[in-house]
Every structure is written in structure tokens, then in C-alpha cells.
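Note that the chains take the letters A, B, C and D in the order they are written out, and that residue 1 is the start of every chain.
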Amino acid sequence: MGSFAGVLIDATLITLVLALAATGLAVVFGLIGVVNMGHGAFLTLGAYFTWAGIQAGLPFLIAVVLSALGVGLIGLILELVLIRHFYDRPFETLLLTWGMFLVVTELIKIVFGTDFRNVPSPLPGTLSMGDIQIPAYRLAVSLFTIVLLFGLAGLLFHTSVGLRVRALVQQQESAALLGLNVERLYRQVFTLGAALAGLAGALISPMLSIDPYIGNVFLVRSFFVVTLGGLGQILGGTVVGSFIIGGSETLFALFSSQVVAQTIVFALAIVLLRFRPTGLLGSDRR
Amino acid sequence: MEKTFGRVSRRTALKGVAGAVAAMAAPSVITKAWAATPIKVGVISPLTGAWTVYGKAHYSGFELAVGEINKAGGVLGRPIEIVVGDSKTEPRIVVEQANRLIRQERVDFLAGTFSSAERNAAGPVVAQSGKLLLYPTWYEGQSQEFYPGVCNKGIFMFGPEPSQQVWPHVDYIMKKHGKRFFLIGSDYAWPRETNKMFKEKFKELGGEVVGEVYIPFNTPQYESVLRDIRNAKAEVVFHSLTGSDTVNFRRQMHAAGMNKDIALWTVDDEEVVTSGLGPEVSAGTYVSFDYFMTIDQPNNKAFLEKFRAKYGPDALVNTVGVGMYNAAHMLALAIAKAGATDTAKVRDALGGLTFEQAPQGPVRMRADDHQAVLPSYLMQVRNNWTGVNDMFQQVQALPSVDPVPAKCKLPL
Amino acid sequence: MSMAVADGRARNRRLGEEIVAAVLFLLLTAIPVVTSGYVVYILPQYMLYGMLAMSLALLWGNVGILSFGQAAFFALGGYALGIVMKEPLAINPAYVGLLVALVSAALIAALVGWFLFSAGVRDSYFVLVTLALSIIAEQIAVSQSQWTGGWNGLFLMRMDLTLGSALTYSLTEDAPAYYAVLVVMVITYAVLRALTRSRFGKLLAGIRENELRMTSLGVSVPLCKTLAFAVSGAVASLSGALYGMHSGFVSPSLGGVQFSTEIVVWVAIAGRSSLLAALIGGITVSSISNLLSSITPQYWQLCIGILFILVIAYFRGGVAAALPSLLGRFRSHP
Amino acid sequence: MTETLLRIRGLSKHFGGVIANADVDFELPAGAIASIIGPNGAGKTTFISMVSGHLKPTAGRIEFGGHDVTRLSVEKRARLGISRKFQTPSVFPNLTVWENVELAVLASRKRPADTDQRVAQVIDLVRLAEFSGYRAVSLSHGQRQWLEVGLLLGNDASLLLLDEPTAGMTAAETHATAELIRRLSRELGLSAVIIEHDIQFIRDLRAPVTVLHLGRVFAQGSFKEVSADERVRSIYLGKA
């Protein structure tokens, strides 16, 4: 059953990479209810910043950190200028972030051009497990994703910042009454989400070709990951959602063509969504 | 490179504005240097959208040739004028642009479109308007099923089809690397047709297809495919993915350490894509096309000199750019031969015409099915290459390969 | 007295829109008379985009449902007509094809709509589902190549309008095709406008304003939404079918996310709450896009993106709502 | 003898371990008014929500006009004539008063031949005639309460479930509201169940009072009887 183990490892790697890509979205969506359609553009920016860093002669890890910070900064600016005025209208934030996505993608095209860019893999080797070979870099990124998710969970459940954020999620009005600076928390969460997207884009960049549309590939998948995962379930939800979208695509592909597998997974996501209809944002019915 | 392109599009932009104004006001404005009215050719290139990467080479190939023709005095004493249309890599936009070029700009000929889908979108327009379309890209061959996108007497193919791009090299690769081939391609007509033709030849030579997979566009992760390849104990991967997927797949295949014991043969990754892959990932890969920048051909040296003089030392050109270049020159030759610009005469003149100065070596346009007789090269990517000049090592070269006859009602 | 004021005000606005619509339709009618060539060829395609935009405005402006899936229905229409027209049928296959396009889109929209709305799937979630619809539509169009021609697309013929065996009116020439599309567009506008002003349309507006209240008034909100989605899908599909017929070619990207996005942008900029604004938006934005794309392709896309953000952030009603107040003709309620 | 319009037996609602309503019995004759009072958290709104269909009961049975409606959805109950006004007024904020009521009329089960006439009539009833061209958002809180009652009337409800209809009203408005409700019952034969905090208003209504406490029926009777009850006083003072 070597191939079974192989499938399992593949599904795990795919799940974790997808989870990494979706985490920033999960944080923003889950905690402050913003459907950040700009997430894909943030991912793309992260990848381009990393490429630019490497071009400038920086070591990979430094480039990754700078990319995350840079995208976080852009997220912060957008929050200050635009998003913060629309938190009470989730639908408007959805459209605004979609507009952001359009604009950022165009700016990337103008600034970086449209050629395929390429970040060399910092860990080119592979690890062998019996007859299964695992790319070292993918493994490292997957392990990092696990650490990142646990870290976020720790931040959320074992620190005072986390307590405040959770209070905010559960009851916005009372959180404000308790003297929490709701506005600042929102800004921090949005910035964190952007930085996480930038980080994901940076870490994914050595696996993929970098072009202005790289984030699109992950955008819709990430959305389903987060929606299926569920509100505030940053650790469990993202992993479960990633497995349903990414892992099941791998499994379905065993029995059907890749295209059919992808179509089935999206259809399945729609069906699952129906049974968690108001799941996240829907608590407020007024 | 960027700068050059920016200049080009600004110029075309001005031309567009001027054209729009002048077309209404005074036609004489454009023709200041020429006594005769120009022959207008509409060029539809993917200047924005998903295939922008190919757009530069695509457009500049034609532009370069037109510059040469005009410098040499034009055709029939008339200059050639390009009117550009951006396809946005969208067949829907190609329909708009092709109609605009023909009906509003009143071009005499059309050249370009990049993908088969784009060419097909232009097909009905060409058929209805009775114009010619010169198509530069490697493609899946012609069959009556897709009329009027192919088998259209108004469309000429300047790129290779699988019997030219693939067949001549199957034997070599099998002998060198083994008979167990795994086929992977994007899920659409070109890869499927290419693989079908590939298998035709392959079975004849006694090879074994151990797997055949088609991947949807924009697939980011390839673990399961790579596992299948390994489990199938493939010796060669025959690869016809396109766009960013080709890069994604190959980077992940490389990361999985599979390049060491499995040979890879791609029919999609010319200079532009290989540059995007970088030397580590691409080293050792086989690539086959009718043209490479590094082929050892006297025509090519002269061509590259002119190309680099115009677009800078780092500019990339590829089979598509050269296809467009040949298209422009052969059009001029055909017009000269016909002594007129009317479609029927030029069509007849273009059929059977040979262009001796083609960068890849002499190219002949077949009269009965409008497919080009082209050279075919098999190249291997060098280790640690630093640029297009040392990117490919020539493995096999055939000076002239006849494509299989188009599956159309012939003659077209 | 005050009642009369309210009533009168509403009537004025309606009349204003009717005048604009009449002027627009007259202008469009006159164009082939005064000119020919490319404009007469291309405008019908943009009018069909306008119809597509109306199908979205019906949903978004009137019911408050945003769909990133309109392109999926547009493509469905094109493919349905294309596939049916290949069949040798006793009656004009184009008529059958148009019918199939309408009915299949309405059915699919009704099924998907009911499946989701009856479970209370709303707002952002529905947007995600429609986004997935577009992706699925494009995938199917690419992969089911025995029907759709895959990535290589599908060719269509210009249809003939026939009445028995006596009358045949070919749409191959530009002007007849132009007028055929114009007539369909005007009828669609009239029907949709009547629909929004009917009892059903008012119920839809009520749902947009306060869903919970409508339920408490005894209205089946899922049913109304489903019907609206079905009508919208059918209109999108009809415009797609005619588009395919007119352009002679359909390909998978017609159903994709990118085109869906463009539709949302047209409607947002022009004004989601008015069918006429959406119609004009679809026509003008795509015309200008065509005109400017050859001049400044990069910056044009960027400008559209920025304009989109500005409209969403500052002029929720789009140009349609901003214009009258700019002209000072329309004062908001006291 | 008047026929019983609403008959409720053993109605219970549990939220996890929390008991919101337990074994509530309740009856309302056709054309009658009843009021329900009780301290915060007594389960009043839960009770109304189960009658309107917004909450599904854990146990018990609701009969309306002889039909079992326990399992029916909100909109089906509304189509039978059960209509609810929410604690926070739920109207159509961006539509005018006229359009608000028109929608209710259009959504009603028996649509009148002349919609406009009916709309005007309802707007008159709820005393909003001079505001008919105003958008609902621009009304005062009290006016919005009336507008919502107008929606129920326009919708042709036979049983009005009113959750705190006088919140945010002046004393004079509160008095007028009580008058209105009594008039509706008297002249149009409508029934109503009213939840209220305002004791003055309950007195004005002159209707039977049910006291809920910790989800159970604590006392029932006329206003006089209930207000004289020591136990009722003590729960309001937080002793029982």
C-alpha cells in the first residue's frame, strides 16, 4: 500500500499549502467579518515582493519577512483609507476589496510587467520515505504552516490580545462597552490578515510561476476553505476546509479526470455551503 | 525590453488616435512620405491578458518585417501600414477587433491571433469578409470539424503542427531514454490532438504510453500527477501543458527530484517560458520547435542582429515571433507576385511561395492546405545557462519537414 | 396633499426614465440609417451586453442579490443555441435553440436558487456560490469538448427569422441583425421594467429592504428570490444566445469569472438600481473599453478599477444616481 | 359564546440547558386583546416568537382558528393571519410610508380591489397621513412603531402579536396607541397579544393580563387582580 501512503502524503501537503494560503483570509473573515476579495492580490504582491527581494540580493528568509511586512503595511494603508469606513456594511467591503483586487493586479502589471518571474527554491533537495520522495521545501512549508496555525491559535486563546479579539467576535457592542478600542482591533486584525497573505504568497513563490494572476488560483479555493471551515475556527476550520477542497480534489482525481475532480469539489462546496447557510456572518438578521 | 515595448505601444497608440481622426478627416495626413496609399494590415496580438508574455515577440516579429519591407521601398511602390488590435487574450475581443480592423480600419489583410481559440474566433469574420488571416502559432493541425477556424481558404498557417514538431524526434528520444512515455497536457484541443498524433507515430515505433493526464487550467498543485508518473515507472514525460501551468508543473517536478531519472520533452516551452523557469528547473529538458534563437543558421544570425538592433540586446523572440516575421515577408512577396492586393490573387500567389530568408531556414507555404513546410529542431536545455544565447544545445535538426495533409476538403 | 406629493414625485421620476429610454431607443434606431460598417456591426453585441447588465441589475438593484455568475448563464445561452442549431430539425432550429437557451437557464437558475435560498443562503455566501458557478461553467465548457468544442470554441451561424415557409428574413447582413437585436433588447427592457413595477417587483424591492419583514408579511422570500434568479438567468442566457449567433463564435471564457466581473463593474458604475442605467452602462462601458483599449490598454483597466472603488465607496447608486443630483433636478426626501 | 382564536397547550422552549418557556397554556378568544407582562428574561419574546413561528417550540401545541400551526413556517402563519410587530420596529427604511403600507397590502392574503384606497385607509388609521411621502428612516421611533402596526393592518392580519409597541413613545402617544389597539379590536374585530413593560399602557388597554415569570405562567387575570397580587409585586421587586 505504498501508493496509499503516497496519496495520504500528497493530500496532506496539498491541504497544508492551501491552508497557508487561506489563513490570512480566515483571520479577517472569521474575526471581523470582512470578505476580503483582495486576498488574492495580497498573495500575488507577497510573491512579487519576494522576487524583488531576491533580485536585490537579499537572502530568501529576509525577503519573505520583508514581503510579509510590506504587504501588511499596504493592508494597513488600505484599511485606513478605505475599509474602516465600511465595517458595518459587509457587502460594501466585499465589493471594495474586489475593486482593490482589480487595481492592485493592474498596478502589479504596470510595475513588474507580465513576464513569468521565478524565485529559486531555497531547499532544492528531496527527502525519501521508502519509495516516496517528498520535496524538501514543500515539507518545510507544510511544517511551517502547522507551526503558524498553532501559533495563531496560541495568540488567540492564550494572550490578552486574543482575549480581546474573541470578545470582539462574540459581542461587538459589549466589547466596546468594556472599553476595548474596537476600531484599533479591527485595524490590527485586517493588517495581520494582509501580512499573512503576503507571507503565504512569499512562501508559495518558489513552488509556482509568478505572474500577476497567481493569487487568483488560490482566491476562490481559499474562500471555500474559510466558508466551509467556519467562524473563528482559525486552527481547525482552516485545516478541515483545506482538506475538503484540496485533499478531496486529490482523492477524486484518483477515480476521475482532474477537471471532473475540480468541478465536483466546487459543486460539493456549494452543497456543503447550503447546510451551513448563515454560518458566519449570518447571525445578525436585522 | 520593457522600455522598448512601452515605446511600441505608445507609438501604436498615437497611430490609433491619429488613424481614427485621420480616417474621418484627411487620409493624406498619414501618407506624408509616400505618394501611394499604404497597404493596411491589421495585426491582432495578445498585448494584455493571460498570454501577454507571448504578446511582445508576437507583435514585434511582424513590426520588424514591415519595417524592413518599407525600408526596401514597400510593395508595388506602396508602404505597408500596421493597424494594431489588442486581443486581451480573449476570443470575444478578437471578434470585436477583427471586425473593427476590417470594417472600420479597412485593412487589406489580417495577421496574428495567438491561440487556436483566438484564431477560431476570427475564423467566421475572415470567412464572411473574404479577407486573409496569417496565423503564426504552433497548433494542433487542421480538420474539417473546426471550420471556419481551420480548413478555411482565408487562413494561412505559419507555425508547425504535431507531425512537424513532434514526429521527427520521437525515435531519437525513445532510443536515448526508453519506451515508457507519460503524457501530460492541459485539458483542451491542442494537447489532446498533439498527443493523439504523437501516439500514432509512437505505437508504430513500438513505444508504450504508461499514462495520459489532462490538467485543468490554473492548477497550482501537482502532487498526485507526479506520484502517478513515478508509479507508472515512466522514463520520459511528454509535456504539453500551457501558460503558468507548465511552469508550476515543472517547478514541482524538479522539486520532487524527478528530473534526475525521468527525461522531459516539452512542445510548449520556448525561450520565453524557459527563461521564466530558470536554469535549475529547466536543465536537461528537451524542447522541439521550428525555430530557436540559438539555431545555427546563417539567416538567423542576420535576423537576430536586426531584431536586437531594434528591440534591445535582451529582447526575446521565439517561434511565434518568427512566424509573424515570415508571415509579413511572405505576404509582401505574394502581393508583389500577384501585382495586386485583392484577396483571391494574393491567396493564389501565397500558396506555393517560398521564403528563402526565413530565420529558421527556407519556409514554403503549401498551396493546397495552407500549411507551412518548416524545419524542425530538437534542443536540450543546457545546465547552468545564463541567457538565451547559451540556453539550448542543438540535438537534432531537420531542414525541411512536410506536415501531414490537412484533414480538410482539399484543395482549400 | 402630502400623499399626492409623494405620488407625484414618484411619477415624475418614472416619466424621466421613460423619456431617457425613448430617446435612447430612437437614437439606436437611427444609427443604421445614418451610418454603416463597423458601428452597425458591433453595437448589437454591446446592446446584448446591455441586456446582460440588465439581468444583473434586476437581481442586484431590485432584490439585493449580487451574482458573479451572470457570465455562466450568458455562456449557457450561447452554447445551447450553438448546439441545437447543429441539429437538423423540422422547425427552425434557431427558434428551438433560443427556447432551449431560455428554458435551460431558467431551470438551472431555479434549481440552484431554490437549493440555496430555501436554506437561507444569503449575501456574501451567495456571491461565493455564483463565483463557483462561473468557474464550473468555464470548466465544463473546456472539458466537455464533444459538445462545446472545448477551448477551441464553437461556431454558430447567423439565424434566419422564418414564419412558416412563406417568410424568411436572414440576419446575415448587419442591418437586419442590428434591428433584430434592438427589438429584442427593447422588449426585454419593457418586460423587465413592467416586472419591477408589478406586484412581484414591489415584493422583490421589499425583500431587498427588509427580508425578515417580508417573511412576516406572509411572503415566501426563497420563492421570490428563486423566481428573480430564474428570470435573470433566462435574460442573461437569451442575450448570450443572441450574442453567440451574432458574433458567430462562443468560447469558454465567455462563462468565466473575468467576464462576470466585468458585468458587475458595468452595473456598479452605471447604477445598479435602474434597469435603464445598467443597460446604458453595459453599452457604453464596453464601447469605451473597445475604443480606449487600443490607446492605453494598461491604464484603461486601472482606471476602471479605480472608478469602481470610488463608485462603491462614494456613489452607491452609480452614475445614474449621481447625475440627477449633480444637475440639481432631484432633491432627496425631506 | 365567542370562539377561541388562539389555543396554546404546554408550550415549552429550551435553549440548551436554559428553559425559556415551560408548559405555557394560553387562550385568546376571537376579537379579544390580551397582554403579557413579566420581568426581563421572563420569556415573553420567546413566547411571541413561537406563536409567530420565528422559533420552533421544544414541546407543546399551538392552534390558530382550529388549525394546528405548531410546525408551520413564519410566512405560512402570516398567510393565515398571524402577524407580528418586532421589539425594534422592522419596516422598510428606504421606502416611503405609503410604499411601506402598499407592500403590506400587496403581500396580503386577500388583496383588496382598490389597493390605493386600502393603503390610504390604513395610513389614516395609524395617523401617519401627513407623513405618507416620508421615508421610514426619517420617522420618529414612535411613528415607526405605528407604521409597523400599519404594515400588519395592511397585510390583513387577524391576530396581531405586538412586542413592546410603545417603546420610545411619549405619554400622549402611548395613550393614543392603546386607544388605537382597542379601536381595532372593537371596530375591525382584530385580536391582539401585547407584550409591554409600560404598566400605564397595560392599564389603558383594559385587557386580561398574563404574567410570565421564569418562563412559566405566574398569574392571570384582569389588570386590577394582577396588580393587587402580592406575589406579582414581589417578582417585579426581584424577591420571588
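In this text, contacts are C-beta pairs under 8 Å (C-beta built on N, C-alpha and C of every residue); 3 or more make two chains touch, one makes a residue touch a chain.
Worth saying up front: this structure is predicted, and the values here are computed from it rather than measured.
Compare each chain's C-alpha centroid with the centroid of every protein C-alpha atom shown, and the nearest one belongs to C. Of all the chains, the one whose CA centre sits at the greatest distance from that of chain A is D.
Averaging C-alpha coordinates per chain places the centre of chain C 43 Å away from that of chain D.
Chain geometry summary: the mean Cα position of chain A and that of chain B are 37 Å apart. Distance from the chain A centre to the chain D centre is 48 Å, each centre being the mean of its Cα atoms. Averaging C-alpha coordinates per chain places the centre of chain A 33 Å away from that of chain C. Multi-chain contact residues of chain D, defined as those touching 2 or more other chains: 90. Each of the following residues of chain C touches two or more other chains: 139, 142-143, 212, 298, 301.
Counting partners per residue, chain B has 48, 187, 216 as the residues that reach two or more other chains. Here, these are the chain pairs in contact: A-B, A-C, B-C, C-D.
Those residues of chain C whose C-beta lies close enough to touch chain B in the complex are 37-39, 41-42, 45, 139, 142-143, 145, 149-153, 155, 247-249, 251, 253-254, 259, 290, 293-298, 301.
The touching residues of chain A, counted against chain B in their complex, run 3, 6-7, 9-11, 13-14, 17-18, 109, 113-118, 120-121, 124-126, 133-138, 206-209, 211, 213-214, 216-218, 246, 250, 253-254, 257-259, 262. The residues of chain C lying in touch with chain A in their complex are 66, 112, 115-116, 119-125, 127-129, 131-132, 135-136, 139-140, 142-143, 212, 257, 261, 264-265, 268, 298-299, 301-302, 304-306, 308-309, 312-313, 316.
The touching residues of chain B, counted against chain C in their complex, run 9, 12-13, 16-17, 47-48, 84-86, 88, 90-93, 95-96, 99-100, 103-104, 115-117, 120-121, 123-125, 128, 146-149, 187-190, 192, 216-217. On the chain D side of its complex with chain C, the touching residues are 52, 74-79, 83-84, 86, 90-96, 98-99, 102-104, 106-109, 120, 123, 129-135, 138, 151, 155.
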